[in-house]
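Presented sequentially are two complexes of chain A, the first with chain B as partner and the second with chain C.
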Partner chain A sequence: MSQSIGKSIYRKEALEKVTGKAKYTDDYPAAGTLHVKLAVSPYAHARIIAIDTSKAGEVPGVRAILLGQPFPLTGEEIKDRPPLAFERVRYHGEPVAAVVADTPHQAKRAAELIAVTYEPLPVINSPREALQPDAVLIHENLETYEKIEHVYPEAKTNIADRTKIRKGNMEQGWTESDVTLEASFSLSPSDHIAMETRCVTAEIRPDGFVVFSSSTQSPYMIMELMSRYFQLEKGKIIVNTPFVGGGYGGKVAVQLELIAYLATLAVGGRPVKLLNTREEDMITSPVHIGLDADIKLGATQEGKLKVAQITYLFDTGAYSDKGVTISRAAAITCTGPYQLENIWCDSLCVYTNHPYATAYRGFSHAELLFVFERAMDMLAKKLNIDPLELRRINAFLPGATTPTQIRLNESTVGNLPQCIDRLKQLMNWKEGQVTQVNGRKIRVKGVSCIWKTSTIDTEASSGVVLTFNVDGSVNILSGIVEIGTGTKTILAQLLAEKLKMDIKKIHVKMEVDTQTTPKHWKTVASRGTLMAGRALLKAADDAVVQLKDTASRVLMCSPDDLEVANDMIYVRDEPDTFIHVKDVCHGYKYPSGHSIGGQVIGRGNYILRHLTHIDHETGAGRPGPEYTVGAQGVEVEFDTKEFTYKVLKAFAVIDIGKVLNKKAAEGQVMGAMSMGLNFGSSETFVVSDDGIILNPRLRTYVPFRYGDHPEYLVHFLETPHIDGPFGARGVGEHGLIGMPAALANSLSIASGVELTMLPLTPESIWKETGGG
Partner chain B sequence: MHNHTSAEITLNINNEDRTVYVRNADTLLYALREKLGLTGAKPGCLNGDCGACTIIVDGDPMKSCLMLAVEAQGKSIITVEGLQNTAIQTEFIDKFAFQCGYCTPGFIMNCHALMTKYPDADDSVIKDWLESNICRCTGYQEIEAAIKAALAAAKGEPG
Partner chain C sequence: MLSFDFEYYKPASIDEAVQLFQSLDRQGKNPSYISGGTELITLGRVNKIVTGAVIDIKAIPECLVLEKQGTQLVFGAAQSLTVVREKQFFPLLSKAIVEIADHTARNKITLGGNICANIIYREAVLPLLLTDSTLAVAGLNGLIQYPINDIFQQTLQLDRGEFLVQVITHKQETELPFVCLKKRRQWDVGYPLLTAAALNKNGQIKLAISGLCSFPFRDKRMEYSLNNRSLSMKARIEEAVSRIPAPVLNDVHGSAEYRVFVLENTLQEILAEWEGAGDA
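Up next is the complex of A and B:
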C-alpha cells in the first residue's frame, strides 16, 4: 500500500506559515544594515543630459550615491542593460540612481532630491511599431553587444532575436487545404504581482565573500551571473533564499542583486538592503511580456489541419534579458497541441520602450495559446464543426512529430483525446454552448486545449543530499526554493514512499544556502518534481546501500538479502531478524566498543537527458523533456447589453502523469487558473502614448479579490511519464495557460464578435464590437 | 540630528505592554516589524490596497500600514504572533488555503476578527470583509472553504 503518494499531506511548513513565523527575505533583522533607494525614470525614452546629486548628498545619513556606468552591461543572452541607466533611459521606471543611507526614509528623501535633466526621445509602444522601417532604434549599437551563442540580434533593427520553425512543405499544405483562416491578435504587458515585493540584501565580507539574501527563484543563477558580470570568483558568492512570497516567473530575473552589489561595494562592503515598493516591483523590475501576432491556418473541409503560418512578435520591452528565451519557447510549441505537418513560424523578440520582460508562469504558452486557440475556434466556426470536435480530430497523438521535429511517444506526451472527452462530460457539452438566461443575459461555454514542455538549459541539473539524524529521522537538502508550489513537501512524500517510513520523521530544510545546499538549476518551468524528485530517489538509493552495508555486517548476511522499511533493516524472508535504522545510521557500535559505518549521507543528482539547442534555420531539435497536455473551459454569464460578465465555472482536465498530493495539485491548478482568468479578463498595464505606465498600483491594476472567483472544477488523468518520479508530470503552470483563450472563446460567442485582444474588459469588448 | 520629532511610546501588543522609540511618521507596520521584531504582518503595498499587513486593533481588523504607531497608543493590538491554535489557523492548514504564505497572516487576522464580530456571517458578509485582502497563489476557493469551516467549527463549540 502507498505510504504517502497521492495523499493530501499538509505542507511541511504549514504551521510556520499560519503563525506568521515563516521568514521571508525582508523579515530578517536589519540592525546595522544600510538601505538602498532607487531614483527611477519618469520617461519611457530619453537622453540623460545631467544628473545633480548635490542636494541629495546633503541629506543626513546618506553614505553613497550611485549613478550609471558604461560597464558592465548585463543580460542573460545579450548584454544590453546597464544595472543603472547610462546616458539614456529606455523605459518608464528604469533605475537611474541608487542612494545608500542609514534608514529607509533618509534614502527615500535623498532619492527624491536627485535632479535629472532629460531630453525626451520618440517612444515605441508596440512590437509592430518597433518593426516599422523608420522606427527609432532603441539599441543603436545592438551588433556590438556581447552575447552568448544561439541568439541572433539583427543589427540596425529593434529585433533582439528571431527563432524560425520550418517544417514540411508550406506550398503543399496550402494546396491540400480547402479552407484558410487569417487573424491577428495582441496583448499588452502586465505584471506578476507576487504579494512579496522583491527584496535583496548584500554584503562583502572581509575575506572577500559576497553574501546575498534574496527573494529569488534562482539563487544559483545569481552566483552564475554575478561572476559573469563582475568577474567574481563563483565559489566566493553565497546566496541565501528563505521562503519566497510568490514568484510566478517574476523572481527568475537577476536585477536588484546587481544594484545591491554595487551599493555594498560603494560603502566598503557594509550590508545593504534593497526592498522594492509595490510601484517599483510592478514597473522598475521586469514584467510579464506582451505580444502581437499574425496567424494563418489551412484545413480540409473535414477539419484536418494541413498548414500553419505564424508570426509572434514578443514585446521584450527595453531589454532582452529573458525575452529571448520566452520568444524561443513560443516557437517550439507554436501550434498548440495539434498534429501539423507543415509549419512556418517566426517568433521575434522585439525591443520597445516598455518595462522589460521576464518569465511569467507558462513561459509564453498562455500568450501563444490565446492566439492559436482563438484561431481554432474561428476555424471551427468557418467549417461549421464543433470546436471540441475540431480539436479532437487534430489532437497531438503519440507517434506524431512536434514543430521542432521530435517524435513523441506515450510517455513523452499525455493523452489529449481523453482530456477532451473528460472535459465534454464535465462541461455537459451536449447541452450546447449557449443558454439563454433571460432577455438580456446568456450563459456561454468556451474551451481551449493546452500543451507545454519546458525549454530549459540543456545542462540543467538538480542535486539532493539526505542526512540521517541519530534518531533515525532524515533531513532533505535540496536547492528548490519554496515559492509556494509545495515541491519540498512532495520531496518528503517521495522519500517516505521510497524508504517506507513515516513522513513525520522526514525533515525538510526550507531555506536555500548555495554554499551548503546542493544546486537545483532554477525553481521554474514546473520541473521541480521531475528533477529534484529523481535526484531524491537516487539519494535514497544511495542511503539504502549504506544502511544495508552496515546492517549486513551486524546481521551477518549479504546486503542483497535485506530490506529497509518502517525504521528497520530486516532480512527479507525472515523479518524477525532486523536492526533499527537508528542503530546503524550513525554507525553501529559493537558491545566491545568497536564501531563500523558512520553517518549515512545519501547523495543523488539528476541532469536532463538528450536536450539540444534548436537549429537556427529550421528549429529542429529537442528543447524539452516531456509535453504535458490538457483541456480547459469556462462558463460565463454575459450581459448582452452592458458587455459585463461573470465567470461562473472554470474547468481543467490535465494529464498529470501521477497525482502525488491531490489537494496540493488541485491547489496549484486552481491558483494558476485564477491567475489565467485574471490575466485574460482584467490585467494589463495601461500605457500612455508617451509610454508612461498609468496604473502601477494595486488599486488601479485590479488583481482578483476574494469573491471574484468562479467555481473551479479540476480533474486529472494519469498517463505516466516514465522518466518522472512515480510517473508524475509537471503541473505548476498548466492550469493557467488555457484560461485566457477559453475565456476569449466564450466571450467571442457571447458578443458575436471575434475578439482579438486581451484583457477582455467590458470596455474592450464593446470597442471590438464597433462601439465608441 | 533629526529635525523631526520622535517619542517613546507604549503599545499593548498581544496582551503585553511594549515600549518603543518611534518617529511620529513611523507607521504601525514599520514599528511592529523593524522595532519590535514582529514580522508576521507583511508589507505588500504600503497604501492599504493588499491587506498583507492586517492586524487587529481593539477588535477590528486594521491595515497597519495605514495607521501611525503613535495612534496605536492605548489600544489593544493583536498580531498573528498572538494567535495560536485558533479555528481559522487550523482550517487554513486543513483546506490548503495558502501556498507561498505571504498573504496568510493578513487573511488570518481579518478572518479571526470577522469570526469574533460576526459568528453568523453569511456569504455576502464574508465577501465584504475578505475582499480587502489579495492572494495571488490560491484561487480563493480554498480560503472560502477555510473561513466557512472555521465559522462552523466555532459554532459547534460549547459556550
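Up next is the complex of A and C:
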C-alpha cells in the first residue's frame, strides 16, 4: 500500500496561504529601502527627441533619475533590448526612465514630472504587417546584435528567428492526398494576470555582493543573466525568492531585475524596491505572445493525414527575449499529436510594436493547437468523418516519429487513443455534438487533442539536499520556486514514499536562496516533478546509504541486510532488531561516549539526458524528453440569435503517467483549463491602429470572475513515463492547451461559421457570421 | 497610490459641509465632495481626479436616511449600493445596482457616488429617471428638491459647491412591472455594452439606457416609438433605434454597430416581456 503517492495531501504551505500569512516579495519589511518608479512610453513606436528631468529632480526625496543607455543590450538569445529605452521606444508601456526616491509617493510624483518629447514613427501592428516588403524596420541593426549560436535573425527584416521543420517528402504527401484543406488563423497578444504583480528588490552590499529578492520563476537565471549583462561575478550574486503569487510563464523573463540593479548602482548600493502596478505588469513587463498562422493539410478520403504545411508567425512584440524560444517550441510540435510523414513548417519569430512576449503556460502549444485542431475539425467536416474518429485514425502511437524525427515509445509518449475513448464516454459523444435546447438555444460539443514536450536547455539540471533534524525529521532543500503549483509538496510526498515515513515529519523549505539552495534550472515547462523529483529520489538513496552505514555498525550486520521505514532502520527479516533514525541521523553515540557516523546529508541531482539542439535546415533533433498527450472538450450553450454563450462543461482526459497527488493534479488541470477558456473566450489586448493598448487594466480586460466558471471534469490515464518519478509525466500546463481549440470548434459548429480568431466574444462571432 | 496631497474633512451637518466647500474653494484647494471614495482612488491614482481637499459626506445624517416616509421612499446619497440593494425597497433599483461593479466594490460605492460618478455608466440613475424621482440637493440656498428629469442631463447638473443629499421616489412607481437587462462584451461581471431599464405604466413603456452613448439617458422620442402600436414590433424597434439621441459608443467593449445589434435584441426582449414574441 502506498505511503503517500496518489493521496490528496494538503499543500505544505496551505495554512500560510489560507490565513493570509504567506509572504511574497513585496511583503518583506524594507527599512532604509528606496523606491523605484518607472516612466513609460505612451507611444508604440517613436524616436525620443529629448527628456527633461529638471522638474522631476526637484521633487523632495528624489535620489537618482536613470535614463536609457546604449549598453548593455539584453535578451536571452538575441541582445536587442536596452533595460530602459534608448533613443527609441518600440512599444506602448516601454520603460523610458526610472526614478529612485525615499518613498513610493515621491518616486511616483517625480516619474509623472519627467517630460519626454517623442517623434512618432510608423507602427507595426501584426506579424503579417511586419513581413510586408516595405515594412518599417523595428530593429534597423538587427545583424549587429550579439546572439547565441542557435538563433537566426534575418538582417534588414523584422524576423528575429526562423525555425524550419522539413520531414518526409511534401510532393509525395500531396500526391497521396485526396482532399486538401487550407485555412488561416490569428490571435492577439494578451497577458498572464498573475495575482501578484512582479516585484524586485536589489542592493549592493559593502562586500560587493549583489543581493536580489524577486518574484521570479528563475532565480538562478537571474544570476546567470546579471553576470552576462553586467560582467558581475556569478558567485557574488544572491537571489532570494519567497512565495510567488502565480507565474504562468510571465515571471520567467528577467526585466525589472536589470532596472533595479542599475537603480541600486546609482544610489551607492542602497537597497531599492521596484513593484509593478497592474498596468505596468500587463504591458510594461512582457506578455503572452500573439500569432498569425497559415495551414494546409492533405488527407486521404478515409481520413488518413498525409501532409501538413504550416507557417506560424509569432508576434514577439518589440523584443525577441523568449519569443524566439517560443516560436522554436511551436515548430517542434507543430502538428498536434498525429502521425504525419510529410511536414513542412516555418515558425517565425516576428518583431512588431507590441509589448514584448515571454513564456505563457503551454509555451506556444495552446496557440499552435488552436490552429492545427481547428484545421482538423474543418478537415473532418470536409471528409464527413466524426471529428474524434478523424483524430483517432491519426493518433500518434508509440513507434511513430515526431516532426523533429524522433521515434517515441510507450514511455516517451502516453496513450492518446485511450484518452480519446475516455473523452467520448465522459462527453456522452454518442448523443451527438448538437442538441436543441429551445427555439433559440443549442448545446454544442467541441473537442481538441493535445500534446506537449518541454523544449528546455539541454544542460538543464536540478539538485536536492536533504538534511535531518535531531528528532529524525527531514528538511528538503530544492531550488524549485513555489509558484502555486504545489510541487514542493509533491517532493515531500515522493520522500515520504521513498523513506516510508510520515509526511508530517518532512519539512520543505519554501523560500529559495541561490547561495544556499541547490540549483533548479527554472521553475517552468512542467519540469519540476521530473527533474527535482529525480534529484530528490537520488538524494534519498544517498541518505539511506549513510543511515544504513551507521546503523549497520550499531546493529552489527551488513548494510545490505537493513531497511529504512517508519523512522527506523531495521534488519529486514528480524524487524525487532532496529534503531531509530533519530539516533543515527546525527551520528550514533555508544554508552561509553564514543561516537560514529556524523550527520546525514543526502544529496541528489538530475540532468536531462540526450537532449540536442535541432538542425537548422530540417529541425531534426531531440529537443525535449517525454510527451504528455490528452484529449479535451467543452460543451457550450449557444444563443443562435445573440451569439452569446455559456461554457457549461469543460473536459480533460490527460495521460499523466502517475497521479502523485490527486486533488493537486486536478487543481492544476482545472486551473489551467480556466486559463485556456479565458484566453479562448475573452482575454486579449485591444490595440489601436497606432499600437496603443486600450485595455491594460482589469476593468476592461476581462478574465473569468467568481461564478463564471463551467463545471470541470478531469480524468487521468496512467501510462508510466519510465524516467519520471514513480512514472509521472508533466502536467502543469497541459490542461490549458486544448481549451481554446475545443471552444473554437464547438462555437464553429454552433454558429455555422469556421471561426478563425481568438478570443471568441459574441461580437467576434457576430462579425465572422457576417454581422456588422 | 495617489501622488498628490490632499486634506480630508468629515463635516457632521449639511451647513458645515457647504461652508467648508466655500472656504476651501476660496483657498484655491479645488475641493471635492466624496462619499464612498472609490473614484478618488481609482481615478486619482492615474491623476484623472486631482483635488487639494476632500469633504466626506458620510457623517451627515440626512445623507444616511434610508426609510419609507408615507408614500415616499427616501434614500440617503451616502448609503452604499449594497445597503440600498439589501433593503429591497425598490426592486428595479436593486436589480440595476446588483449588476454594477462587484460585491466588494458595491460595499463602498454609494448611491450618490454612482449618480455623480465620472464613470460614464451611472446605472443607478436609470430607475430614478423612469420613476420620475426627486433629488434633494444641498447648496448655499439650503436643501432644494428637483425632479431628476430636469436636473439630470447627461450628468447631474449641480452648481459649484452643491452636493446630492437624498433621492426621493414615490412608492407606487416602484411597484410597476419592470425589466432591467445588462448586456456585456462577455461573461457576467463588469461594464456594460449597454444596460436598458424599462417600466410599464398602464401599458406605456418607459425606457432608460446606459452604456449605449457616453451618458445614461431616458429619451421621450425613443419611448414614443416603442409605444407606437400602430407600427409592427420590428418597425417600432427600428424607429426607436433611429432616434438614439447621441453617437453610439465605439470602444474596447464593443463597436458601435455591434451595440446597435445588441440594442435591437434587447428592445425585442423588453417588448416580448409585455407583448409576447410578436413579429420581430
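A few notes on this one:
What we mean here is this: the second predicted complex is superposed on the first by the 772 of 772 C-alpha atoms of A that agree within 3 Å, B and C clash if a C-alpha of one lies under 4 Å from a C-alpha of the other, contacts with A are read in each partner's own complex, and residues count from 1 in each chain.
Following the convention adopted for this analysis, contacts are C-beta pairs under 8 Å (C-beta built on N, C-alpha and C of every residue); 3 or more make two chains touch, one makes a residue touch a chain.
No experiment lies behind these values; they were computed from the predicted model shown.
Of the two partner chains placed by the overlay, neither chain B nor chain C lies in contact with A:P42.
In the superposed model, A:G245 makes contact with chain B only, not with chain C. In the superposed pair of complexes, A:G667 makes contact with chain B only, with no contact to chain C. In the overlay built on the shared chain, the residue A:E642 is in contact with chain C alone; chain B does not reach it.
Once the two structures are overlaid, the count of chain A residues touched is higher for B than for its counterpart among chain B and chain C. Applying the stated contact rule after C-alpha superposition, one finds that A:K21 touches chain B and leaves chain C untouched.
When the shared chain is aligned, chain C comes close enough to touch A:K108, but chain B does not. Judged by the touch definition given at the top, the superposed model places A:S681 against chain C, while chain B stays out of reach. When both complexes are overlaid on chain A, the residue A:P720 reaches neither chain B nor chain C. Under the contact criterion defined above, the residues of chain A that touch both chain B in one complex and chain C in the other are 105, 277, 699, 704-705, 707-708.
Taken in their complex, chain B has these residues touching chain A: 1-2, 23, 25, 33-34, 37-47, 49-50, 52, 79-81, 83-84, 89, 92-94, 96, 98-105, 108, 126-127, 130-144.
Remark: chain A residues 104-105, 108-109, 112, 277, 641-642, 681-682, 686, 694-695, 699-700, 702, 704-705, 707-708, 759, 761-763, 766-767, 771-772 touch chain C in the complex. By the touch rule above, chain A contacts chain B in their complex via residues 8, 10-11, 13-24, 26-27, 29-30, 60, 105, 192-197, 243-248, 275, 277-278, 483-486, 663-664, 666-668, 670-671, 673-675, 697-699, 703-709, 711-712. Put simply, chain C touches chain A in their complex at residues 1-4, 45, 47, 102, 185-191, 251-255, 257-258, 261-262, 265.
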